[in-house]
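Just passing along the structure, written as structure tokens.
To keep things simple, chains are lettered A, B, C and D as they appear, and every chain counts its residues starting from 1.
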């Protein structure tokens, strides 16, 4: 029998003997009653930005779609097996989640690949190439944004004044943030989403997670910029 | 500004003040050096079966694709935006993960939908319907399996002897397990996967997580059945 | 062989497979280098108010004395084996901690016993009776405090205006808080403490933990009252 | 107002926003109903060996006495304020715990001080000197134990065969373990303990925690030696 990765087995024991031991009743209850999560989170596959860790979520709390670069394709994209669209449909229509959060993050490998002019196909099928072409509109909108602070959405006279957290590359950060906004726009092309948003059953949210400093930035749709959760929501910050 | 879900904000504070506070150096290091996860985990969006929780994983450890019913489509499936295939390509070819784990779970809503004869489309596009049609081969292989123990892959004379954990429906459990096996077979239709598996750079694994009892079952390819991690790997069990 | 309590063994496995697994390097390092905690915490034995949990402390961070009702006897108390005095001497003089925190808590069984007029000795030796007689000065100072808010140290015209958190008994809460202040006063009778406080090497602090609401109140020596940590220190509060 | 230690405030926020947030119902319930812990743990003040961490305990589970070197004085020791004896009396007679565990640990500063021939009083009162004189019987019993494995309680022909974990000093380890046995013997001089042990209401246990490797050794009274919890109790070990 092939040896299962030891690190995962060790971790599974940690789960079993600590998390599960302390909350076995909750797991049994959730297994019996079915899940009723309040929110769906659309996040990247990145190993450093797991939604359950960033939101310290317990079992049953968030329904999570993860793909490279946390992208939402437009509603009418062709294709027989559209896993991301299917997952959104299931969350919104079948489970009736009340919130959908698109969460981008800093230093995203998928965004970096899309920005790399010398990028070569990883495979003949080039699935990743097609997938990250969904970032093209964000890249175009960001182009020429001299003196632009990509996160706060303000213009700055000197590039060095741009708020670029934790040594992130300003252009990549700008694309990461713009892409979250594009995904929100794409979500609104789904009839069952725009309908539910209109009558108040559903709310859409954008966020961007700074891996290095652990900071979560939340998209302010009116200001068209991102603001730190700790500022807007009366949180205190870890010094 | 739209109010971000309070539960997520509360949870984010927990992350910030506990997990991040204790491991900020690791986060900074990972942000600077980039991710190098050893394993990719393909799991369901279900809110009760997050891989980072089940494997008690720290930042940087696992690259995670999540879609409804943790399915892998065949390599040649048409479609412009194939998020699952793209994520696999990125993990295997670009990041060079050494393990891919397909983890199914009990009481899966996607599998239940596929088994529901009266299921109706949730949307005109019926993305979920097309997506879970990937379960058809598993459903067919399971059909007529009277007296069959779906998890352990053994025949039993009396249906009630079938090992069906924690009150799970035997037919659904059988499909969940068979589907993990189908996804492994589909992964092997990807040229870059079969090649890497052949020369030892990559290993594929199947698993099934019993939400109710917290038990992880690992697929034994030779025996064609699943065995509890705690039995096969010298683990002790939580009484 | 006598069976070790199963609950502790289960919990130890949780530690081993989760906490220790994630921080084994830190444990090895601390074992090799010895401990150098910055703070000593004097707390109650109560099973609901463990300092390492309330302060989310990692290994090596706090040196902890625990006795019934978190009391500090006066320096010159007679007796051959004075474990509390010995522990303070070791922390302050040998380890050189820079902070000593006396943390009381709500619904303290030791304080309740001291306030119970019908209390009977639990044992001929009545060690507990002698020990909690250290609460007598606090009880006396609180007596007759009509219209007094025991936590905030303000006078109120109507008893019902007294800030009594979470349904705590006002008189008991008053004694718990006054006792923290008495313990601070007793600490200052230790020559090596008053000397170190005078020259700035050591700072003394008082706190009171409300088990029910998870609130930590911090003693303000100038105001002679307790204030919530979340108010004085710019923290946000869990709604 | 004196500044409360920032590290403790940061940690308190972690507790408030993570542990307390997830278990506030349990805290409220425990505050209302009172504590009913099943076990008392007598442990050292050492910052690297907190019982709640080693036993991954939730609120309400263990009643904890902590003093330097986790010592239990004899029942009849004189002295007005005997905090350790008082805490034991409260746990056993008033709370009615069913287990008392004495847990020693490796590299104990209190034991090291007792073994240091050149040790000088830290204070005129020398409370620590009197307190650790409780270790004298253990030191005497260990003296001359050439070729003796202090943990496993077996004789070895060559000193280097002695099982001394993680680079611990063999003599100090021997005293740490012997002292746990002495404390168990001292507990049996308490009339209310021997009585309860005789009629089965109470069980006494010894343990020794190896900080470096995270290993817990449990005392086997019949064999007069310590055995790893992972061996005796069918646990698996973290590789």
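Keep in mind that, in the parts below, a residue touches a chain if its C-beta (ideal position, glycine included) is under 8 Å from a C-beta of that chain, and two chains touch if they have at least 3 such contacts.
A quick note: this is a predicted structure, and the numbers were derived from the prediction, not measured.
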Chains in simultaneous contact with chain B and chain C: A, D
A-B against B-D, pair bridged by the larger set of C-beta contacts: A-B
Inter-chain centre distance, chain A versus chain B - centres from mean C-alpha coordinates, in Å: 19
Separation of mean Cα positions, chain D and chain A [Å, integer]: 47
Centre distance in Å when chain B and chain D are each reduced to the mean of their C-alpha atoms: 43
Where chain B touches two or more other chains, by residue: 10-11, 13-19, 21-22, 56, 233, 235-236, 238
Chain contact graph, described as a line, ring, star, complete graph or other shape: complete
Residues of chain D defined as touching chain A within the complex: 6, 10, 13, 17-18, 21-22, 56, 58, 236, 238-239
Chain A-facing residues of chain B, complex: 1-5, 7-9, 11-21, 24, 27-28, 30-32, 34-35, 37-41, 45-48, 50, 52-57, 59-68, 71, 73, 75-91, 93-95, 98-99, 101, 106-107, 109-110, 113, 122-125, 127-128, 130-132, 134, 166-167, 190-192, 203-205, 207, 211-214, 216, 218, 220-223, 229-230, 232-233, 235, 237-238
Touch list for chain D against partner chain B, complex: 10-11, 13-19, 21-22, 233-236
